[in-house]
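Naming follows writing order (A, B, C and D), and every chain is counted from residue 1.
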Amino acid sequence: MNKYSVILGNLGNTCDRFLSSGYKEIPPKETLIRQASEIEGVKGIELVGTWDVDPSNVDQIGETLDKYNLKCVSIIPDHFGQRKWGKGSLSAKDPDTRKMALEYTYQCVEMARTLKCKTLNLWPGQDGYDYILQSNLVQERAWLMENIKEVAAASPDINFALEYKCKEPRNYCFMARASDTLLLAKETGLDNVGVCIDTGHALMGGENVAEAVVILQTYGKKLFHMHFNDNYGGWDDDMIAGSVHFPFYVETLFWLKETGYDGWYSMDQYPYREDGQGAVRESVRFLQMVEARLTDQVMAEIRELQRKGEAVEIQRWLRETFFK
Amino acid sequence: MNKYSVILGNLGNTCDRFLSSGYKEIPPKETLIRQASEIEGVKGIELVGTWDVDPSNVDQIGETLDKYNLKCVSIIPDHFGQRKWGKGSLSAKDPDTRKMALEYTYQCVEMARTLKCKTLNLWPGQDGYDYILQSNLVQERAWLMENIKEVAAASPDINFALEYKCKEPRNYCFMARASDTLLLAKETGLDNVGVCIDTGHALMGGENVAEAVVILQTYGKKLFHMHFNDNYGGWDDDMIAGSVHFPFYVETLFWLKETGYDGWYSMDQYPYREDGQGAVRESVRFLQMVEARLTDQVMAEIRELQRKGEAVEIQRWLRETFFK
Amino acid sequence: MNKYSVILGNLGNTCDRFLSSGYKEIPPKETLIRQASEIEGVKGIELVGTWDVDPSNVDQIGETLDKYNLKCVSIIPDHFGQRKWGKGSLSAKDPDTRKMALEYTYQCVEMARTLKCKTLNLWPGQDGYDYILQSNLVQERAWLMENIKEVAAASPDINFALEYKCKEPRNYCFMARASDTLLLAKETGLDNVGVCIDTGHALMGGENVAEAVVILQTYGKKLFHMHFNDNYGGWDDDMIAGSVHFPFYVETLFWLKETGYDGWYSMDQYPYREDGQGAVRESVRFLQMVEARLTDQVMAEIRELQRKGEAVEIQRWLRETFFK
Amino acid sequence: MNKYSVILGNLGNTCDRFLSSGYKEIPPKETLIRQASEIEGVKGIELVGTWDVDPSNVDQIGETLDKYNLKCVSIIPDHFGQRKWGKGSLSAKDPDTRKMALEYTYQCVEMARTLKCKTLNLWPGQDGYDYILQSNLVQERAWLMENIKEVAAASPDINFALEYKCKEPRNYCFMARASDTLLLAKETGLDNVGVCIDTGHALMGGENVAEAVVILQTYGKKLFHMHFNDNYGGWDDDMIAGSVHFPFYVETLFWLKETGYDGWYSMDQYPYREDGQGAVRESVRFLQMVEARLTDQVMAEIRELQRKGEAVEIQRWLRETFFK
């Protein structure tokens, strides 16, 4: 059985640049946690720094998670949601900002330890550039790698999952796709630095999600974490999983199982105008539906389909196996 | 019951710019026609000019169609596949080329009459431009409209379905999306000029196919014809229907029914490396599966889902209604 | 000489969904207005409802504009930035919301009259849908058209420029591209309803901006307004004009002149991390550079290039005419 | 001074899937070679296997190149243009096909030696897949790597530049972008395996070309070759360099110089409807214009712009430095 979890912050959080005050009322944090615990199959929570957790409330959050029998799956340091990171965090041009970002990451390591959480999911979304010629690409990419290396080397009990996304909030982000992020992870030379795939970021970046899984697992078992959602292909719409690209999830879950991924299946959505609990539950149910069908026999059938590679046969099989 | 048909030429024809001699052997035309007739539900054929039909073989093709009990659904004049149209046909800068293209279109009208076919499906794919500043946009768009108007006005017994596609073979094609093509059709002032939606062209152009259907039907019942296939969103991959974008087909078939479309559902694919008959059959079966589910009750359920507009409910309903 | 203007709100306003408190301090409104007035060539301002102008401050804003010798070029009603419009405004499923949206639009008409402003630039960005099957496309599109028709019919002294954008904040917006918006405008049957092109929205929607200009001008002189910015092609990055797609601006300014557009050239950007005044000034200077080069002789040269359509010659001409 | 070259085959070759017989007459090979030699600055030629060179004509081609004083810059083995490679070459499911592809690659090594050419530019465009679930991604990617490794290990005097492209002719190609191709190259463990950037492939894949350069140079000086052209961002339009994305070329040439790239600048276009010589000449002239401006002083100015990262200043500088 796969292990399902939810990013707490994204569940409640739904503003955009036109409606910065948000599309709906956000319930109190404990209500969000309770709602997550009510979704059948969900056993874990991811916490976003600042938005969800900081040193002042970390103990209380830990108690609330215990109360609802939820594990802290990862902490996502807030390297993106404050003005001080607006022009970058771990790779900012300003040395004081880089230092602050590094110190803050150490603080998140401490919070993770407090919550008995094994993973920091790093998404330095502000680290990149907007205009052509704006970045010293060699230097800034090096700063990013070196700072990740420093904190990861000093925290061997914590796994660092680097989450990539090609764009937004910067027009170009340094950790853009699976392979470039893997190169950066490998450059640290550390076993506890790997990669997180967000299915929507992969789609938006033109990747076939399953192939991103295979690349990360092939070159050193570097797939550390998975975020799930869907979109229309050109932007990070953060929709309910399976609402657009049904067959991609079949192939992705096949390869996660086939390559021995045993981490969490975490929901990462932006239900701007929807009931957050309902939107996450529907994603989990969709994935559970696919998972339930991936029996040993079906896994063997897929291997055979891949061995032959006949598109017509694959489409017929998909229709007969999944549709009424 | 919907009426299914197949574009004959696309069934056999599979070369690209790197492999111009084609990925597989093309069977003789009669074999292709027989193969089409063997697909359960297929009752019609579309013929591409030059590739499939010309004045010298039109009678023989008609007899073969009769033999296999198939109707000629449309003729697609070849305004794209010969060197003389390389820089445009009905809107070419060269007046002699425009004249040839017009005369050839009249010839296709005659062939349609011979085959008792009611529709010319115009896809002037070479009419457009490649580079910025290359086209006199006002003049060339006017030539395109005027030439279509002339032949359609002179052929009131034939419907002219204008098929749009934003790109390929030109980097920008004049008839790019549903609405601009509709504007051109309306500008002719003729009842027998309307639009053909190719689902893949719509997806590639960023349209929601169902909304393209609604726009054409709302502004004057101008949806004349439908071509079906699927792609990954950025290019005209011409794949098996439903192989990528399952829910789009549900919404599209709903609105086709809801707006009273009673034309053909024609398969338009490029099975480069696949068995052509199998690829088309699989598309038809996928669409028949969706069609079979659109009972009066399900149509009513969809209307209610649309009235409320709750995304979570819609996704649950899709899962429970279509998936095992 | 072209007339340049600036959208005041976009100059100061720079938050996104990750950094909702904004990337920088916003100066007081009068400072923004003064900054706009200091940009050489800028003679007008566009005001966004709620953000910039409401009945309580409209007189004061008018005085400030006078003080800095600026005209109010348009009011952009706030149909997008408040929670009540989160699921649509003029086409919302909820009848009370539609009524509120209509009443608010009338209020904006009054404000426009107060400011001696001739144009309402309508951008109903929340009117659309996020998920497949979520919208009653026929009904909701009809509501949108009818409400625009009602207020425009009642306000013959005001021009209504409908600004399209295919996506954001909804995954699909009803007014998506030039041609569908023109169809809606024409459906009102009113001379004072036309279309606004935002160059970035056009690029993001896959349009060649110049062709959008030509379509709107050809089918009834319906180009009412122009917004300028640039992006990388897949998203509304709202960057400095000319920072990515240099030759598009040459062709666009050519056709604006050629088709007799005599409206404003308004800057619409999101300088998230930049100095707002500087970013707008740089756009204006870029456009003035192109404009200055479009002498009668150069206009004639372009016409000749288009007549011949030789790509090699066009590229050489662009290089020799514009580059050092 | 940069070293400019031309891909001979692409100069003459211009058919597509709709017009497989080609848009124009192809001159004899010697004429093409002579035309290339006439372009000021062009000193080298790339030859495509089968199309341009095979064991039967390699000596004669060598003599012709000598006659026109041109070097053979690379051979591009034909792993894409014959029916036998239709479902893959070096990673084909069929073991006999893989064997043939490997043997053919050895043959190309021999031809390279005959022509005193140091580089094989591998573009296995048929190696990938079209449909979800069609490929055993682990196995087939491994075959691709192993076969490249075998021939490269056996040919230490030849550099193997792996050219990536995310799509076409397969819907997904295994060597898709710079970083995944670099991972594959590094996996061989061989110094003579590196990567070729085609600027259009990079743009089509969502990469900033300059960042692809930096990644390849940072992780082991693995940029072996450069192909130049331009496109509209979503497809491999193979247009004249600089015809769409002017500033990208400035940043790319800056970083090529800054990271010590001393290879060829090779033109790779598809001038379907243009004069081939003219189209290539115009690309070379555009790049020479940028190159001429990158003096020591301008290089220093760019470094300073990157150090500060102020977008407004960058745009002003670009305008004042490059435009009249």
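Here, a contact is a pair of C-beta atoms (placed from the backbone, for glycine too) under 8 Å apart; a residue touches a chain by one contact, two chains touch by 3 or more.
None of the values given here were measured: they were computed from a predicted structure.
Q: Report which interface contains more C-beta contacts, comparing A-D against B-D.
A: A-D is joined by more C-beta pairs in contact.
Q: Measuring between mean CA coordinates, which chain is farthest from subunit C?
A: Most distant chain from subunit C: D.
Q: Please tell me the distance, in whole Å, between the geometric centres of subunit C and subunit D computed from their C-alpha atoms.
A: 40
Q: Using mean CA coordinates as chain centres, what's the gap between subunit B and subunit D in Å?
A: A distance of 35 Å separates the two centres.
Q: What parts of subunit A, by residue number, touch at least two of the other chains?
A: 87, 130-132, 206, 232, 234, 239-240, 243-244, 247, 273, 311, 315, 318
Q: For a test of understanding, state which residues of subunit D touch subunit B in their complex under the given definition.
A: 14-24, 80-83, 86-87, 125, 130-132, 167-169, 171, 232, 234-235, 237, 239-240, 243-244, 270, 272-273
Q: Residue numbers of subunit B touching subunit A in their complex, please.
A: Going through subunit B, the ones touching subunit A are 206, 232-234, 239-240, 242-247, 271, 273-275, 278-279, 281-282, 285-286, 289, 293, 310-312, 315-316, 318-319, 321-324.
Q: Under the definition above, what is the set of subunit B residues touching subunit C in their complex?
A: Within the complex, subunit B touches subunit C at residues 87, 93, 129-138, 141-142, 166, 172, 176-180, 182-183, 187, 205-208, 210-211, 214-215, 218-219, 247-248, 250-251, 254-255, 258-259, 302-303, 305-309, 311, 314-315, 318.
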